[in-house]
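Labels run A, B, C and D following the written order; every chain starts at residue 1.
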Amino acid sequence: MPLLLLLPFLSFAQGSKVMDNLSLKSKILNMDRKYAIYLPPDYETSQRSYPVLYLLHGGGDDQTGWVQFGEVQNITDKAIREGHATAMIIVMPDANTGRRGYFNDIKGDWRYEDFFFEEFMPFIEKTYRTKNDKRFRAISGLSMGGGGTFMYALHRPELFSAACPLSASTGPVSLEEAKTAYRRNNPTISDEAIATYYPRHNALSLVNNMADTLKKSVRWYIDCGDDDFLYEGNSLVHIAMRKKEIPHEFRIQDGAHNWTYWRNALPTVLNFVSMSFHQF
Amino acid sequence: MPLLLLLPFLSFAQGSKVMDNLSLKSKILNMDRKYAIYLPPDYETSQRSYPVLYLLHGGGDDQTGWVQFGEVQNITDKAIREGHATAMIIVMPDANTGRRGYFNDIKGDWRYEDFFFEEFMPFIEKTYRTKNDKRFRAISGLSMGGGGTFMYALHRPELFSAACPLSASTGPVSLEEAKTAYRRNNPTISDEAIATYYPRHNALSLVNNMADTLKKSVRWYIDCGDDDFLYEGNSLVHIAMRKKEIPHEFRIQDGAHNWTYWRNALPTVLNFVSMSFHQF
Amino acid sequence: MPLLLLLPFLSFAQGSKVMDNLSLKSKILNMDRKYAIYLPPDYETSQRSYPVLYLLHGGGDDQTGWVQFGEVQNITDKAIREGHATAMIIVMPDANTGRRGYFNDIKGDWRYEDFFFEEFMPFIEKTYRTKNDKRFRAISGLSMGGGGTFMYALHRPELFSAACPLSASTGPVSLEEAKTAYRRNNPTISDEAIATYYPRHNALSLVNNMADTLKKSVRWYIDCGDDDFLYEGNSLVHIAMRKKEIPHEFRIQDGAHNWTYWRNALPTVLNFVSMSFHQF
Amino acid sequence: MPLLLLLPFLSFAQGSKVMDNLSLKSKILNMDRKYAIYLPPDYETSQRSYPVLYLLHGGGDDQTGWVQFGEVQNITDKAIREGHATAMIIVMPDANTGRRGYFNDIKGDWRYEDFFFEEFMPFIEKTYRTKNDKRFRAISGLSMGGGGTFMYALHRPELFSAACPLSASTGPVSLEEAKTAYRRNNPTISDEAIATYYPRHNALSLVNNMADTLKKSVRWYIDCGDDDFLYEGNSLVHIAMRKKEIPHEFRIQDGAHNWTYWRNALPTVLNFVSMSFHQF
């Protein structure tokens, strides 16, 4: 009889689980912040810990994007079931509420990147059974979240073993372009502020200034469709990485800046980061 | 009546045919020139005419390259049999004998490109049952032959409906690089000669100088592996075509400068040019 | 009646379970020792007992290695589901904490092998529903754990029906090599101590000294990639076993000393030990 | 009407062809010598030339062995049709008539190896449309023919791009064993004669004495079943090649010294040599 009562829970517990409306308190951003999470099929029944993929949404979307439009649950369940990916936790933070984006603001009054590394990641690693080592952390994202992927993995290579920017906004391709872009929202920003901020917030500069000792620190998988409007930045990063001899996989596939492209890319990303988690 | 009786047997007997050691006389080059040809499965038994694909080999190879290393017969037979390509004639000229390459020499004493358009193509179109219209002509090639594909289709867009450079050498990326490269073999070449020759023999200049009226004249399929040493020229051509709004398919797939990559690319090329031949 | 009602639900609810952070107290090692365990899909719902596979990790890893890198859960679930393996319990002890390795130390102050046979196996067989007969026990492992597999099954053939060393470290191949190796950590070890210890801790000597009556006691499956740095010891054990006419399966497959090789080998190991458990 | 008469020939011409009772005159051996040949499916209808695989039979067999027991035609047709092998000519000489074996006799009165290189290969390359370059020649064989494969490719690395000994007799493993073996048939052979002959007629010596400049000259694929009686020589060659850092693929698969093993190995051999013929 008690067994009977347990059944609905048990059957529930055998599959993966997605929650897309969780939140934590942030002192740095002075507000509650939302996130979504994917827990793998045996999370409830095992006592083991899991690798983590941080999966970043694009501009205009929020933490529910990969869940609703990206079919993260179906695609990851299938990849694990068929052996193309290892069981992992997937964490999808909201970077849309308040101000949009994954970076600290140039004026310093909004510090999302600090929130991410000082509050969000520690919260996740304390709340869920994650493996808290570089080799068991990966990051990926699309468009604005591809930009976040580039900058986070280039700023903090000691934290991630794999990074997979998809259709990424790589940042302004020149200082002049940066001035125009930044002053669109902040007309009074000084040249000095821009000269400091710009080299840390575009992928080309970060790649070109990368220390030799870090060239093999992160495994890269970079993908951008041939009809994507972000073709230039991604192609130039490919050229720059080849010239600097930074190992990376690069793909230009048939397609544009849309969810069909990203749902199609996600299984390869899951397989690529699993190779890191498996140590090949 | 006899024809009727023959049919079941004939269909049995049909096979495609490859000859890789044929030749024609060239006045322009003052010598015999070799070529290989693929005739589709029903060429011998039909009375129809066929579209033509000119398929160019790379440096160090000759007209037998696509036959032996490229498996052109098996791959094309399969593509036709499975409906991914239409029956076509594939012509593979030798650009290795005498001097290597598909271009007229900068000094004007070796005129391969003139031979190709004034002698070779007319000879093929007279000797075989080809359809002699722009819409039924396509060109493709690898490496040095990818360079030939770029230049021929950019020089003579009125002749080809589709062009598919694979792992292409796109030519020197600057006038300075051109001077160094050309003077390696011809140390006394003048600056004027180079200033005239260079813009016609690199893909970037030809793309950047293309007349607006010609932007949709040729369908382009451009492909170069992410580990290919020719990554820069091809990526820059992609960027330039996007900026000029020249429609083109562009792919960067997993791989390097080798026959595994090209055998893998050939079915897509055959399908792409067949779309032109079919008028979609 | 209630049971009948439960059945459709129960079959839904069944899943295997992995725990990778369990522990037991060891008097012999004077500390807590970690282990991981795989319980087959119907363990919770059935009342039957199961055969056991002891699966040993390699040097530098711990009890979580086969769980995280080896995908033991997915691979075993699939093998059972598809009928290539019988349901079994898989036990993965930690041989990394304190001192690394599966053997008693040459100086006698660290007795891991004694712990394994006198404390760990009895604990497992008391705590879980195992079948406690030689015919239902098997052992496998990789690298250092392949060495453990060789020595345990050669020392205690009365305990295991099947042994599957993968990419195994087979021990020093000569007494001289043994002296150098043992004295690296214990410079003052006497020649006598080595002369006693060495023949019991390398696979070649144990094979060459095996009593005729024991030749068919254990079913062997030995596997080592053609690019593995441990090629010599494994090839020499194959030669020695052939000369002694000790039945064994031996494989050299394409690959090196890495998890891709071992994940690929695991289904064959599961099938091989299941043949023992099934009694063919 | 004439077309009708042609039909049986035409349909014949569409498939591959095997002849197993051809012969040529040998001055060196002073007799007619038999051979078998496989001509690929389009040999009759194309005018191209083809790569060649020399495929050697084992002791007790003759040139018909690979045809009758080895199913060379069915297996090669299938490999070509499915794209795992390139079209090639396969040549199978008789090494059974008169004296058995692929070597010059130690007494110098029977010179099969000289016949092979001075008469047989030139005859084949003159009679059939073969590509007569090292890169388009490969050699394989089983048992005694695996021994022939080892010695021919080790004696004449300038002639073969790939060599695939299967279940090979690698020759006596020591000078003492050589003396016993050679004197079984030639009791009066001097020690000096053996000291000269032996190092050139066993694979281990030839591998150990290989010049550094030749280490990458031939691509090797070596395969010998775990139940084969020739396990020792092949395992020792693997160890020697690893120690000399001579690149090679090595496999020990499940099986013994029989045609089931060799029919199973042939598709991999055809694929491996095709990678040479394709230049990858």
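Assorted remarks:
Operating definition for what follows: a contact is a pair of C-beta atoms (placed from the backbone, for glycine too) under 8 Å apart; a residue touches a chain by one contact, two chains touch by 3 or more.
Keep in mind it's a predicted model, so treat the numbers as computed, not measured.
Seen from the Cα centre of chain B, the chain whose own Cα centre is farthest off is C. At the interface between chain B and chain D, two copies of one sequence, fewer than half of the residue numbers in use are shared by both copies. Averaged C-alpha coordinates put the centre of chain C at 42 Å from the centre of chain D. Chain geometry summary: the mean Cα position of chain B and that of chain C are 58 Å apart.
Among all residues of chain C, none touch two or more other chains. Viewed as a contact network, the protein chains form a single closed ring in which every chain touches exactly two others. Chain pairs that touch one another are A-B, A-C, B-D, C-D. For chain A in complex with chain C, the touching residues are 1, 3-4, 7, 10-11, 13-14, 41-42, 45-49, 51, 80-81, 83, 86-87, 131, 136, 277-280. Contact residues of chain B toward chain D in the complex are 2, 5-6, 9-10, 12-22, 36, 64, 67-69, 71, 73-75, 78, 258-260, 263. If you check the complex, the residues on chain A that touch chain B are 226, 231-232, 235-236, 238-239, 242-243, 248-254.
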